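Okay, so subunit A shows up in both of these, paired with subunit B first and subunit C after.
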Partner chain A sequence: MPVSSGIGRRRFLAGAAGLAGLGVGAGVTAGGAAALRPAPTECTFGSETVDFHGDHQAGVTTTPPAHVTYVGVDLVPGANASVLGGILGIWTDDAARLTQGRPSLSDAEPELARLPARLTVTVGIGERVFTVADKEKLRPTWLRPLPAFGIDKLDPKWGQTDLLVAICSDDPMTVAHTVRVMVNAVRTRIRVRWVQRGFRESRGAQADGATMRNLMGQVDGTVQPDSSLHDSLIWDDGSAQPWFAGGTSLVLRRIAMDLDGWAELDRRGRELTVGRRLSDGAPLSGTSERDDPDFTAIKNGLPVIPASAHVARARRTGDRDRFLRRAYNYDDPPNGAAISDSGLLFAAFQRDIDAQFVPVQRRLAEHDALNEWTVPIGSAVYAILPGVREGEVLGSALHERP
Partner chain B sequence: MPVSSGIGRRRFLAGAAGLAGLGVGAGVTAGGAAALRPAPTECTFGSETVDFHGDHQAGVTTTPPAHVTYVGVDLVPGANASVLGGILGIWTDDAARLTQGRPSLSDAEPELARLPARLTVTVGIGERVFTVADKEKLRPTWLRPLPAFGIDKLDPKWGQTDLLVAICSDDPMTVAHTVRVMVNAVRTRIRVRWVQRGFRESRGAQADGATMRNLMGQVDGTVQPDSSLHDSLIWDDGSAQPWFAGGTSLVLRRIAMDLDGWAELDRRGRELTVGRRLSDGAPLSGTSERDDPDFTAIKNGLPVIPASAHVARARRTGDRDRFLRRAYNYDDPPNGAAISDSGLLFAAFQRDIDAQFVPVQRRLAEHDALNEWTVPIGSAVYAILPGVREGEVLGSALHERP
Partner chain C sequence: MTRGMKGKQPMTATQFISTRLFARAIAGAAAVLTVGALTACGSDDDASTTLTQAESVTLTDQWIKAADTEMTAEFGILTNNSDNQVTVTGGRSDAAGSVEVHEITEADGVRSMQEIQGGLTIPAGATVELTPGGNHIMLMDLTRPIRAGDQVTITLTFADGSTLDASAQARDFSGNQEKYADHETSSATSHAGE
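Right, the complex of A and B next:
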């Protein structure tokens, strides 16, 4: 899913225009009056697109834009493979158009499709869909409810749904429009169960590639599988279910943060809880964010990173127990006497939930100093369908006649 | 409230670094390997600040950033001028720090204060506060409930509160952090009644200065009072209430959009409803967005802009019936069978609500073709306090002993 090749040039022109508008750099422009005008933004990234077609759906290993909306929907009673096929056919077509900055066929607000800003649309299906479509034999074995974890306080409000659409863009207008178009186009066949909106630092607010922070103030998501491992750790190779080659799995957990309690902890306590410095995310044993944590480091007779620290509990113990994290913050209006309702929309992508996600989550559930201030309140599991070529429909093995 | 002078240089450096990273422009960098790296964002605007101190509060005539959160809070029972003074003292100090990229005194997450991204904090007070503070004589005459309009279907959920904080930034993380800090700091003295989150196109998604679009797809907010009129139309001059010189008023209306109904209207019908082209916001009588609408233009014997069109009904009839509009879109999770809960957080700033806002709103309530698809569901009115100099506290006339 490379960013489309047309972008480099557009970005160059946008960048050059930006500098010219600023009138800075003697060799770039003559300056003068232009320098006195209010400074324009140096970039216009609205036209940037991410390819829709390919072996894999976009929105998994592609760079996370600033905004996400996850929409969880259920099929209407009586739905079957044909209804599913109708939905996936429309969604495939909508996504192919909207991600490239073109309105959908039924787009009521075509002007709102003109700034994709790295829009991606990612479609996942829940366990029940295999029953509805009468395709039980095609279900990946890991697509089933997660085991119960002692730390969970799950609210069914944020629970498993039949289908998931994840919509990401650097522009919240584009996200809102895309959600509206895609849900509207299939509204007689589905029912919206929940909508979860998340965000990170805005595109352009800081240097590109900086790791996000969560609302507890922590640098969040430093350790990720190298792209050379995506084929072994993330993408299914079709060995168990040939139709699923190029797909992956998503565990979406809504994790509430107790910011009131967290505020009572001093900085040292916070850093020992996570195992990383708050200032820059460096492991307590190191000096910069990307340093490997040294869990054997001792200072004054004590481990520099406590064994109970989040990074110590989350670290992999073998080659398999790791996954791609793609978290976003949420901050919804509070209820009752609370002053905030904040947390993390934690998304984990992996080839095999049982082999990769569950062992890590078990360790964290057993013991993780961070558990004191975080509570999983929502959880759902989806098969992220393989990518499609032009003319193909997502998940066709599930809805086309054999 | 000029953008601080340090920004030009920071932006220049950021812009230059962006171009260097792209490896484009023979005279800028040698190119080579750098050109092959993923394209970085050309701009980093996170460090941009808007002055807090001045004759007026920021967040009124300053450029609207991409995100807003309005927080409406009530004073706890038994509150008095002293309690009010405590709140305003803390908020003044918090805002002075946070808007300049510095943590508040009680900041639990100081790292989240480092990217103000044009953060502004704007404080308003509702009518009841003058009673609570025993300062009835200081109340501006226009600070009272709006007259009832026939189009309103007001939900008390979004109604009048004692205090308002409007927090704007180009970064949603910064907005979330600022809301949390400012509410938390006064939590024993207030109760949060509502939180309303809004957005526009992201900073940098399109050319700077482009007028926003709303979720009906319309270019929204083209006609605004020229800055030369701000002193006469927006800022109070203290002639009626000397303490209020430099203040203004805010009418905040939550306007729900019937996007389902709107979708049934064809493009021509939509354009006649508003009086502007959907493609670029040009009046139907003109060719570009900034053209003055010509309400006398006739084509084929019919008015080019119908007398019922929104722009025809909203146009000023004299020198006074106009105000500064500063709208944001909202898009909240839908309830029940609805597929979206979308609309506009419509903010109108003017010196005198009775003389400026009410006449226009009356005309629109009487007749406006757009009313068919828009419903005001929330309404509140605030006195936006005058600005302060360093060391002063917002609204001191209301809480300091005479």
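Right, the complex of A and C next:
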């Protein structure tokens, strides 16, 4: 590393020591001493927390932070309601502490708990748990495998698991530590089936609340239920299963993207496929992202938004067939001759999968221009447990003795 | 020895009572920290004179290391809310043949665990942390496997004969090894011989 002759070695070391290991060498140029004393960088969001306790679990309607790790685990053979209760007890305690920037009780790396950066921990349970716990009568009717869709090429590798933990934070260090802590504390009671990591634009790279882009370059997730509709469209009201009031459902689909095939399509073709402009996500019939698409607009005798476009096929036809989308991108190491393994961890939250998610997915499976470049390769559904108050354990109706 | 000792303002007499009642009611761990919020109205300055050592102490953040056989350890935070020193002399649990208070000592570069002679003393108003690699409650001759998620009730015994019951949840944990790989002094052997 070239160090300008005007700076003695001793002074360089003194300056470097003061910078506490921040790759300082890169900043050393002929400019001299000024480069050794950059303005201290302000810490911004590391200490930000999201409440853990409440009517609902965090991590659903919460503004999505930049990183997610989904961990799908199965209960060990022979597990029962008591084993389930033990796991959920530990996870509840861990989540209550870690999300507030405090180490877990058995945290072997407590320093890694100090920067929650909007950490949320969200726990879901799969259909089989109700059998294991001998609580079939408490199972929401929609908690069952999705119908088979013609477009699916599901790999069991990414399939249904007994339990799901979704861990989100703006700091990937925090995500990794939280995953490690929570799995480690119950490692003899579970088996990790899969881990799916996802990301969005980094915190601070664009305005908070801006719609994410996926790796096909599209603005992804513009149309969402207004927060005034969360109680009716997302959160269960307990009318069918009183214990489940405040819970919701998650459909998690791993959707592989054929980025090589997509690369063969020009921008016009890409925009007609989705029905939105690539530049800003505006519908082809409008001028800005939030404009309602006009599916009747005609130009030169042709629909401005083709009937086969993704937005045309996905649009709701009534009040119920919609849900909250909370996708993250994935970009994993490729296998074989491929140069990438990329796609979307598509997450849909809704009160009732059958009434809300399935009709939309049926339409898209039947026809959606985007299907040529996207393939669902993983699919699982979970009941996202209701939130807890301090001192309560998640899902207690499933494991407490009556 | 009182590793991790911190000074702490003594609680009021009514807080003592709240703490005691709460300690009896509590089944799980963490929530004990909310004890301050349970303080009742009014005060009774005479109450402190009747408090036993166990009633003066709170155990919070307690957990136990899962183990199939032989022995394991409980960790947590012991706080003496009184103006008098207290001493934990041992304990009992239906999950273990015996329960002792252990410390880790270092002699000639060799670390080993042993029972604290005379018990674990907590000065007035002080907090003592029971941690992997530090002071801990040792459960020996386990009567059954203790698996992650299990709740185990452990009764701590104090020098005045009073007792404090608390339930601790078991966690899978690889630390607090009874044998130290570098030295193999096998405090496990000494445990077994006690």
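Here is the rule we use: the second predicted complex is superposed on the first by the 359 of 402 C-alpha atoms of A that agree within 3 Å, B and C clash if a C-alpha of one lies under 4 Å from a C-alpha of the other, contacts with A are read in each partner's own complex, and residues count from 1 in each chain.
Assume a contact is a pair of C-beta atoms (placed from the backbone, for glycine too) under 8 Å apart; a residue touches a chain by one contact, two chains touch by 3 or more.
No experiment lies behind these values; they were computed from the predicted model shown.
Chemist: Report for A:G85: first if it touches subunit B alone, second if subunit C alone, otherwise both or neither.
Modeler: Touch partner of A:G85: subunit C, not subunit B.
Chemist: Is A:V375 in contact with subunit B, with subunit C, with both, or with neither (first, second, both, neither)?
Modeler: neither
Chemist: On subunit A, which partner touches more residues: subunit B or subunit C?
Modeler: B
Chemist: Regarding the shared-chain residue A:A108, is it in contact with subunit B (first), subunit C (second), both, or neither?
Modeler: Once the two structures are laid over each other on A, A:A108 reaches both partners.
Chemist: Is A:E390 in contact with subunit B, with subunit C, with both, or with neither (first, second, both, neither)?
Modeler: After superposing on A, A:E390 lies in contact with subunit C but is clear of subunit B.
Chemist: What is the contact status of A:R187 with respect to subunit B (first) and subunit C (second): first, second, both, or neither?
Modeler: In the superposed model, A:R187 contacts both subunit B and subunit C.
Chemist: If we overlay the two complexes on their shared chain A, which of subunit B and subunit C does A:D93 touch? Say first, second, both or neither.
Modeler: second
Chemist: I'd like to know which partner A:V223 touches here: subunit B for first, subunit C for second, both or neither.
Modeler: The answer is neither, since A:V223 touches no partner chain.
Chemist: Using the superposition on chain A as set up above, list the residues of subunit A that contact both subunit B and subunit C.
Modeler: Of subunit A, residues 108, 184, 187 contact subunit B in one complex and subunit C in the other.
Chemist: Looking at the complex, which residues from subunit A come into contact with subunit C?
Modeler: Listed in rising order, the residues are 82-83, 85-87, 89-90, 93, 96-97, 105-106, 108, 184-189, 390-391, 393.
Chemist: Enumerate the contact residues on subunit B facing subunit A in the complex.
Modeler: Checking each residue of subunit B against subunit A gives 3, 7-8, 11-12, 14-16, 18-19, 22, 24-25, 27-28, 38-46, 66-67, 108-112, 115, 117, 170-174, 176-177, 179-180, 183-184, 187, 191-192, 194-197, 199-209, 213, 215-217, 259, 262-263, 278-279, 329, 331, 333-334, 337, 339-340, 342.
Chemist: In the complex, go through subunit C and note every residue touching subunit A.
Modeler: 28-31, 34, 61, 63, 65-66, 75, 147-151, 169-175
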